[in-house]
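Each of the two complexes below includes subunit A, the first together with subunit B, the second together with subunit C.
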Partner chain A sequence: MTLLHIEDMTKNFATGGGFLSKTGPIVQAVRGVSLQIAAGETLGLVGESGCGKSTLGRCVIRLIQPTSGSIRFDGQDVTTASPYELRQLRRKMQIIFQDPYSSLNPRQTIGASIMEGMDIHGIHAPGTRRDSVVELLEKVGLKADHFRNYPHEFSGGQRQRIVIARALAVGPQFIVADEAVSALDVSIQAQILNLLLDLQVMMNLTYLFISHNLHVVRHISDRVAVMYLGRIVETASADDIYLSPRHPYTKALLSSALVPDPQKPPQKVSVTGDVPSPVNPPSGCAFRTRCSLADEICARVDPHLIFQGSHGVACHHAEK
Partner chain B sequence: MSFFTKDGEVRALDGVDFSIESGRTLGLVGESGCGKSVTALSILRLLPKHSGRIKSGEIWFEGTNLAHVSEAEMRNVRGKRISMIFQDPMTSLNPVVNVGSQITEAMHLHEEISKADANARAVEMLTLAGIPNPGMRLRQFPHELSGGMRQRVMIAMALACSPSLLLADEPTTALDVTVQAQILELLLDIQNRFAMGVLLITHDLGVVAHHTQEVAVMYGGRIVEHASTADLFRSPRHPYTKGLMNSIPVQQKHKSRISAIPGTVPSALNWPSGCRFRTRCPLADAQCAHESPALLPVGPGHAAACFKM
Partner chain C sequence: MSKMTGVTYSSFGKQLQLFKQPKIFVGTLIIAVLLVGGLFAPLIAPFDPNKQNLDLAMLAPQWLSGPHVLGTDPLGRDVLSRLIYGARVSLIIGIAVALLSGFIGVTLGSVSGYFSGRTDLIIQKIVEVMWAFPPLLFAIAVIAFLGQSLVVLIAALVLQRWIPYCRVARAQALSLRARDFVEAARALGATDGRILVHHIVPNLIPTSLVIGTFAMAAAIISEASLSFLGLGVPRSIPTWGSMLSDARAHISTSWWLPVFPGLFILVTVLGINLLGDGLRDHLDPKLSRAGNH
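The block that comes next holds the complex of A and B.
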């Protein structure tokens, strides 16, 4: 069953401007993205900085308002929900950010942080909320007596556990994990990935897992979507993306990711230069300025995602 | 090497021992707080004046013990014979000085060189660092460049006086993967051309596997394993090295649990007694709590510090 349905979503940001001054050029952060996530599934969203993956994640739970397009969660339209409906929706959709240092209030005990959502949404009887918090703390691998501690008393990995407990406090079905393990050391990253996998099975959660780390995305995701300059350029099952990538950008990403094994040398780098500015993306296919296959059609026509089964690619030369 | 803080002495490095040959790359890997950056700062004596101190040990570089030379002599080494590139190119470049002046600064400091010659060499360095249209870039400011371009400028700056040793502290960590690949390629190319020794500090085992010949693994301010890169990945001996390799979700079955190292890195203010890894180690026993394991040979060119191998 499809839990989240994104249809032709676009988000533009105006730059510059201010009181009495003209607004500057428009940044097209997300350009006509359509995606579906089934209940209980993990969709991995990969791409480099500035590709729009975080903007997409924030639009999905309407932390920011998309410019156009529709987002339906469990049959309900998120983009047009009233403030009351939105609050009900937020019980079901939560987000975990990259930086566990800035996403916790330093003056609030972690028990209070986790309980706040329950108070706001009136979950559990007031007298039993404390017990539920303790239960959550234990579920994410912390101890009951951590309840009274403040965020500065915890390490980065522990703080990310706290943030996960807080997201789970309102009993969500869907979690956006925006670079949730990127700031952590590898040994701690592995612990948090294990926790996310365990919780998914335990609580039947659906994840939108946003990351730039290809190894991590492959490990945790059922399906993967690759983003470049505001567009999805390829989407398929995790194995298909990694074993038979078809978009030249996906191929370049995969060959740039270094496997920790000296016996498996990386392929020669097949892209040059940096990602162009989203203020002024290239005409036609956005990747053409760095692509070795680009020709004149790529400059004129922006390719659409064409599906073969469940594997979609947006490239004029995907078969080469 | 120790830091003296209001909470007491922090023994950031404890008996760290390694050498780098010209033309070769030594990778220094470990997680945050293990002392890998402090190692590089100690070599260049860039530690904070009042709180940081090298308590004992020697740093031999081209026949001189850097631990004992005067500050004035040290200034002749920094940026000239030994250069450093840092992780974050945005905070390491001066935002109000144009790129050209930043690159030529070291040349004017260390050499008698005319402005025109310095500029010509800066253009040469930028070209070497793979920056298109270098003449125009000289007049630009850091904010006008992308992250990858800034890191290339940092590299051009570091190479301005053709150093014989380059300390690269997480040089590609802040960059996107496609740009990271280009920068690593560039470093390799430059190293081969100048027969430069490189200390590559990173937490990324993927980078280590393909861009170093030798690796030292650090944990808790100590080197716990030291081997050729091929040996280390083929047969890691220290339980920490093994744990680190198993933590990376590459070979594991899709959506399976990763065999993570339990617990967190202990604080440098309060290292565990004996072996510092013992609190997270599956093999630890009483001996590990009492004695500190020495880095001993376990094979040709391969050493590890563990009682339980």
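The block that comes next holds the complex of A and C.
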């Protein structure tokens, strides 16, 4: 069953635009993305910084209003939800941010932070909320007596556990994890990832897991979507992406990641140059400026995602 | 983890630690002495501050050898008693102005910074217009229009003193608005009002406290200046400023008349500024980190 259905979503940001000039150049952060996430599944969204993956994540839970396209969650349109409907949707969709130091209000106790969602939505009787918070604290691997502590008394990994508990407090079905472990030490990353996996089984959660770290994504995802300059260029099951990537950008991404197996021959695909500006993306295929396979058709025709089974690639030369 | 085990003292104990800093200790001590003096003026002052006795006019300070410790003025009123009663006016005005302008400034500043856009534009235009007035001239104009009273004086000072709070609160609200915890609160379904009250304003309190001490000192100086010009509170209430003003005519013959009120203003403002300075140092993350660990 499809829980989240994104259809041709676009997000433009107007830059500049001051007192006299109304609009500056437009940044096309997300350019016509369609994605589906099934209930209970984890979709990994990878791409380099600035490719629009965080913007996509924020649009999905409507922290940002998308410019066009539709997002349906459990059959309900998120983009056009009324303030009342949106409030109800907030209970079902939550987000975990990258920076655990910025994610918690320094003047709020841990207990108050976690309880806030329950207060907002009137979940549990006021007298029993405290018990529910303690239960959540224990569920994410913290202690009941952390209730009264302030964020500065915790390490990054502990804070991320608190942030997870806060998101879970409203009983969501779907969580956007926006670079949720990127700011943590590698040893702590594994703990938090395993916590997320345990919680997924325990509470039947669906994740949109956004990351630039391919190993992390492989560890946690059922399916992976690769994003480049506001577009999805390849999407497939995690194993397919890692074992038989078909888009030249995906191949380059995978070969840039260090492989822990020294026996494996190093892959040769590499890219040169910088990501083009999202203010003025190249004509045709956005990746053609850095692609070794690019020819004149790539400059003229913007490739669409073409599916073979569940493996979709947006490339004119995917077979090469 | 080491941080967690390090925090063993209670939050009350943490507050007490504050007073180990000399600036904060001295500042608080001065303000506390003045508060007690002003509060219990009728018990402490040796004479009625307004009781005239022309037989005893212009007595030089008798120090501990007579009843008029700091002398008397041209109408025979006891200088020390008038100074003690004068502390009341200074403190009432200082505290009232700091609190009221803080309330107005932080409210408008946080709203301005949080919502930005049109709301911000309007509030910032008001700030710029108010900021353009010379402060003392503005207060004189307000008092000239509305008449002389304690309430009008406080209102006239509040009308200018909210501006520094507003500017700082706005700048901080602008940066807080972009922090992930505010975004997380929005994702949880919190309304703008709730975010302002629970997430923005509590984070503005420490800096506002520092601005508050400076606003209080500035208000006390302004009151003294206005009283000196004869535009402060009504003449029946003794204030340090009006004592200075009265002393002007006798400055060459009776040194004690201008010196003691001047000294009181100086020490009070110094004390408040010391406290403000100490609090600012304490709240500066770089300094406090170096001090705590």
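One rule holds for everything that comes next: the second predicted complex is superposed on the first by the 310 of 320 C-alpha atoms of A that agree within 3 Å, B and C clash if a C-alpha of one lies under 4 Å from a C-alpha of the other, contacts with A are read in each partner's own complex, and residues count from 1 in each chain.
Rule of thumb we're sticking to: contacts are C-beta pairs under 8 Å (C-beta built on N, C-alpha and C of every residue); 3 or more make two chains touch, one makes a residue touch a chain.
Only a predicted model underlies this, so the values are computations on that prediction, with no experimental measurement involved.
Counted by residues of subunit A touched, the larger count belongs to B, out of subunit B and subunit C. In the superposition on chain A, contact of A:Phe73 is made with neither subunit B nor subunit C. In the superposed model, A:Ser256 makes contact with subunit B only, not with subunit C. Once chain A of one complex is fitted onto chain A of the other, the partner contacts of A:Val170 are limited to subunit C, with no touch recorded for subunit B. With both structures placed on the common chain, the touch criterion links A:Ile95 to subunit C but leaves subunit B unconnected. Shared-chain residue A:Ser155: touches subunit B and subunit C both.
In the superposition on chain A, A:Leu104 makes contact with subunit C only, while subunit B stays out of contact range.
In the superposition on chain A, the residues of subunit A contacted by subunit B and by subunit C overlap at 155. Considering their complex, residues 1, 3-4, 7, 179-181, 183-190, 194, 198-199, 202-203, 205 of subunit C touch subunit A. Within the complex formed with subunit B, the residues of subunit A that make contact are 48-49, 155, 157-158, 185-191, 193-194, 197-198, 212, 214-216, 218-220, 222, 238-239, 252-253, 255-263, 265-266, 269, 271-272, 274-275, 290.
Note for the complex: subunit B touches subunit A at residues 31-32, 146-149, 176-182, 185, 203-210, 229-230, 233, 243-250, 252, 254-262, 264-265. Note for the complex: subunit A touches subunit C at residues 61, 63, 86-87, 90-91, 93-95, 97-99, 102-108, 113, 116-117, 120-121, 149, 152-155, 163, 166-167, 170.
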